[in-house]
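Presented sequentially are two complexes of chain A, the first with chain B as partner and the second with chain C.
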Partner chain A sequence: MERAARATPAGVARKIKGLSDRAIAWIFIAPTVFLLLAVNIFPLIWTIQLSFTNYRANRPNAEVKWIGTRNYERILTDGDIWLTMQATAHFLFWTLLLQVLIGFALAWLINRKFKGNDLWTTIIVLPMMLSPAVVGNFWTFLYQPQIGLFNYAVAFFTGADVTSFSMIGDKALAPWAIIIVDTWMWTPFVMLICLAGLRSIPDSIYEAAECDRASKWRQFWTITVPMVLPFLMLAVLFRGIENFKMFDLVVQLTGGGPGNTTTLTSIDLKREAFEKWRTGYSSAYAIILFVTVFGLASIYVKALNKVKER
Partner chain B sequence: MKKTQLLAAAAFAATLGLSAERAAADDLTLCWAAWDPANALIELSKDFEAKSGHNMSFEFVPWPNFADRMLNELNSGGQLCDLMIGDSQWIGLGAEAGHYVKLNDFFDANGISMGDFLPATVTGYAEWPKGTPNYWALPAYADVVGWTYRKDWFERPELQAEFQAKHGRALAAPTTLEELKQIGEFFQGREIDGKTVYGMSIYTERGSEGITMGVTNALYNYGFTYGTADEPYKLDGVVNSAESIAGLEFYKSLYDCCTPPGSSDWYMSENIDAYKSGQVAMQMNFAFIWPGVEADPNVGGGKSGYFANPAGPGGHFAQLGGQGISVVSYSDSQDAALEYIQWFAQPEIQQRWWDVGGASAMRAVVEAPGFASSQPFAQTFLDSMAIVKDFWAEPAYASLLLAMQDRVHKYVIAGEGSAQEALDGLVDDWTEVFEDEGKL
Partner chain C sequence: MSSYSITEPSRRQKWIAAILVVTYAVITMLPLLWIISTGFKSSSDAIAYPPKVAFQPSLEGYVNLFTTQTLQTPEQAEAPPPDTWYGKLVHEKGLAIVGPSRFGERFTNSVIIGFGSTFLSVFLGTLAAYAFSRYRVPLKDDLLFFILSTRMMPPIAVAIPIFLMFRSLGLSDTHLGMILLYTAVNLSLSVWLLKGFMDEIPREYEEAALIDGYTRFQAFTKVVLPQAATGIAATAIFCLIFAWNEYAFAVLLTSGAAQTAPPFIPTIIGVAGQDWPAVAAGATLFLMPVMVFTILLRKHLLRGITFGAVRK
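What follows is the complex of A and B.
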């Protein structure tokens, strides 16, 4: 205690004597500002500039031409890119819906006091602790029509022939195959956030509701849901941003196929940027995606703040 | 005292000499794909290390990521690799972007003649522009798509009789694509030794180059070409000709009729697994797997046979695989890398290369008496190497390949649209690429 209360050593005090508080504040935040500029702002500005050129990173000696908004026009009028946008929207919508519903339901169940509560919580959160590459690989085996457990389970419950369908080889089923795996892996994350929300509700509110003879159903809709909603919305924001840029899991599972059925925008962007090496074009693509995510996230955060203020 | 001083001087001189020798030794890194032949090359290269004093390191990347990883390395001017055994289609980019060292002067100075190698491999792995004597690599690993089949199943009397009754000919290695399909249909869903088996495993992979390396074996043999002799970039009416459309439809029919369920994203390793585990009667694959098939306890030792890609109505070709070895222009050890190529080009080293599981492209090796009978697959290898045809080797090959992967996979595997639409779309994509390249 005595040490902690000591004044700044005389030498140091002398060195910073004469600097204003503002200057000292700048000294402290300068490294962070510098890092932000170097790692975030500079690449962003450079990407914007590249998006108006025909630059290719694999042809450093080729002439770089300013082509105006041609890259943007090509992207926005490309039917295939709209298909990848649709595939991404489909993936986002269903993963978020399923993860919120199942995650909230699990949290609600886990929040009840019962024996083995902690053990079940640990078991449920296991999938999100695994590497997406590992998850992608072993679900590829699970989905294998001849040896995969998934087909056997479906066949057991429906009576269908085990090899009559292929989750990752069928155009109609592949989008659901990636939704199932992502939901399996990330529902525990939503559950944990919901659990935090549920545990933050004081018991006294439920006790007061009991005194007012409110039914359990009524308590659920007027106490539980509104008070957990900000947490739930936060979980949706996190998962939404994560799934918008989903790459590894889907590449491992389907490689974007069959055809382009599961080619999400991030996979398509990677192909354009680092396989076709259309750097200018892919910069424009990245800017369009950035504006989309940034715009949607801003609207969403405003809505989240409003919910919090209620 | 004098004796002591002499001894000290001798020791000092010896140390200096040793240092000088060490300074001359280089650390060379050879980059290639991670597969069986690469392991064989490690063994073979020990001889080079012993003779030259240079130290060899190896950077092997699995096939699905090989092009991505190595082209990134080259494009960024990286110094990881001194020697690159790059895919045949990279030669245009390697030459035009300055990634590879031109080897003509080196070959002339060291008596290395491209006439000593199989012509198809020289064109495929070393020349850019194609058909001109400008060499950027030494043919290193000769490879081609061919077929493996379960000879032990084909020889079963009851299957022979049934096939004879159905098709009026013996159940044997097919010589035409139609025969291939008939055999595939014959085995599809059949019970053999209490297990359901399927006709064949073919290339269907989406992510890298798989389905393109497969479908071309049907396209070429129906008459598909990449352009014409007079107009190498003429695409419309050539790439999407009636013959090409028929070829693409044929490949889809093979996928639909005769492949195992779930084989929608299969390439080399998946095909090997399906074959070795007894799932399929035939497999399409590059010839590099054949030594492994022979050595396999389940399917080796005479149980398997080999045949070249069967002919079609428009010709008889097979997709070229394989690679040439190049010196990376960003390397600080180019002299030592050239020494490696000089060593590798020796006939006795090429013979050992074949003996340890490599695939030499040197004529002295493959045209030697006894070569055709040296392995059960050697004759098929020779037959296949005589009919090779390769994909574009343009600097923009990656864009051309990705477009083809996309269009073909959509039609063959996902069943989207028609073959005509797929190839029309491919013409549009390739036209755009060549326009960007300034070649159209």
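What follows is the complex of A and C.
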């Protein structure tokens, strides 16, 4: 770096010196904005345009017709879409609930500050950092009846027959199979954020409560919970957006099956766009999903800000 | 620790908490330990019932992972086994090695695309973050929010136009295409994180440098960058982990030349269905670097995974 700066010809160096702050600011920001425009905004606009056509990417030479809002009408009146929305809602509800409960409980326990808690926290966090596709694929092995570790463990503790149930083959169990793996992977995320929340509460508040003879139970509900709530809500926001987009883990685990029981919206969208090649239709689908996430997230952030202000 | 405080949990509380947390940690590690151990099992041990905890370690999985094999021809069956240890291992099963598998290529692709996109997103991100942190940029909040909102799109939704765009630009299934795509996806993380780190560096340092006759640019490279080094390194690892783990774009936009390991590992199959020891061996090699990085990163974890929204 140093040598490069010295080797700069005098004329150029003077120019750099002469650059106004504004110019530097724009030179620094421009590449980022340009790349994001090219890879995010331009495609978004293109998607909007395609969503009003009958374009099919596997027939690039076919005539492209403008069909107005027909794609949107078709999607919103299609019963199957509502089934995938239900599957997504079921997945979102249970993963968020389980991750919040377990994540908060773990954070609360770790905050008892026992010896070695840093080490165990790091170990608990590991699953979250790994490739969901690779790990999800391996879970299908753990879920196999007979030879799978999961079935063996369940059978060992409940006395059920190992071959009597198949987590990913059974229509009733498959939605839970994906919930279990997602919870295993992402509970540490909620835990970490809760832990930060718990650590942000100054001891003096508890000391004051102790002086007022507030019971531990009361302290928990009037100090701990309200003070951690903004953090917890932030964790739910992040997990909610991520799980609404969920693709890799579930594709590898169940591929959307059996039947359509675990076909989350992203998986359905992938089938429409890259297996049936209904590009126009799936573009409309993508826009609807984007608007949904964006809308829900905006409402949620407003609520979050209200909680923070309290 | 020595001073007594009324808010300090009692010894008993600590013990109970420790037991519960350690139990959870052990359960949570089981699938990962199972991946690692399955990689060292022979194919019959891997699918044994009840699942085997103690077993004779075997490198069969790793050999299968790195080679392609066929059934032996009668001449090969009668010939003495090859000299190499892996040749012998395969020979005993009535198979012969015909060449290397594609795992090496896919792993190399992961390394090239991962490091390429990490370098670019950290480089561009550092510049943008410095500008956002130090200058009054018009529409700053809108721009920052725009950068963040690019993460709300489901990857499959983005993949439709990207697929068409790459097809017309000839970027499908190329390293360059994937590097640019991952850079764009990672930029949001990189800008947000680095802005947080830069905000924490006192402006006085640069101002002093400017008074000493440094140009703005020199002040940036010689004063700010060294101060931000830890933050830049942490950001780089987060970007690398994202690119390393990414699956949706990789599976849709690459099929051969530029395919990374995550779409490849689940497709490793043996004679009868998935060859689990080989899959586990591939997964172990692929997941190990991330586990090591996670341990190194533990202090920055929270900041990285929440886009700097939560700092410790």
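Here, the second predicted complex is superposed on the first by the 274 of 310 C-alpha atoms of A that agree within 3 Å, B and C clash if a C-alpha of one lies under 4 Å from a C-alpha of the other, contacts with A are read in each partner's own complex, and residues count from 1 in each chain.
Definition applied: a residue touches a chain if its C-beta (ideal position, glycine included) is under 8 Å from a C-beta of that chain, and two chains touch if they have at least 3 such contacts.
From a predicted model like this one, the values you see are computed outputs, not experimental measurements.
Asks: Counting only touches as set out at the top, which of chain B and chain C does A:Q146 meet: first, second, both, neither?
Replies: Both partners.
Asks: So, A:A89: does it touch chain B (first), chain C (second), both, or neither?
Replies: neither
Asks: For A:R278, select first, second, both or neither according to whether it touches chain B, chain C, the two together, or no partner.
Replies: The first partner, chain B, only.
Asks: Between chain B (first) and chain C (second), which, if any, makes contact with A:K171: first, second, both or neither?
Replies: Only chain B; A:K171 stays clear of chain C.
Asks: With both complexes superposed on chain A, which partner does A:P127 reach: first (chain B), second (chain C), both or neither?
Replies: second
Asks: Among the partners chain B and chain C, which is in contact with a greater number of residues of chain A?
Replies: Between chain B and chain C, the winner on chain A residue contacts is C.
Asks: According to the stated criteria, A:G256 is in contact with first (chain B), second (chain C), both, or neither; which is it?
Replies: It touches chain B, and chain C stays clear.
Asks: So, A:L19: does it touch chain B (first), chain C (second), both, or neither?
Replies: Second partner only.
Asks: Pick one for A:N58: touches chain B only (first), chain C only (second), both, or neither.
Replies: In the superposed model, A:N58 contacts chain B only, not chain C.
Asks: Give me the intersection of chain A's contacts with chain B and its contacts with chain C, in residue numbers.
Replies: Common interface on chain A, chain B vs chain C: 57, 146, 148, 251, 274.
Asks: Quick one: which bits of chain A touch chain C in the complex? Just the residue numbers, please.
Replies: The contact residues of chain A facing chain C are 1-2, 5, 13, 16-17, 19, 21-22, 24-29, 31-33, 35-36, 38-40, 42-44, 46-47, 50, 57, 106, 109-110, 112-118, 120-135, 137-139, 141-142, 146-149, 152, 162, 184, 188-189, 192-193, 196, 199, 203, 206-207, 210, 231, 234, 238, 241, 244-245, 247-248, 251-252, 265-266, 269-270, 273-274, 279, 282-283, 285-287, 289-290, 293-294, 297.
Asks: Looking at the complex, which residues from chain A come into contact with chain B?
Replies: Contact set of chain A toward chain B: 54, 57-61, 80, 143-146, 148, 163-166, 168-171, 251, 254-261, 271, 274-278.
Asks: Going by the contact rule set out above, which residues of chain C touch chain A in the complex?
Replies: These residues of chain C touch chain A: 5-9, 13-15, 17-18, 20-22, 24-25, 28-32, 34-35, 38, 46-51, 124-125, 127-128, 130-132, 134-137, 143, 146-147, 149-165, 167, 180-181, 183-185, 187-188, 191, 215-218, 221-222, 225, 241, 244-245, 247-248, 251-252, 261-263, 265-266, 274, 276, 279-280, 282-283, 286-287, 290-291, 293-295, 298, 301-302, 305-306, 309-312.
Asks: Which chain B residues qualify as touching chain A in the complex?
Replies: Touch list, chain B to chain A: 68, 71-72, 75, 77, 93, 97-98, 196, 205-207, 260-265, 279, 395, 398-399, 402, 406, 409-411, 413-416, 436.
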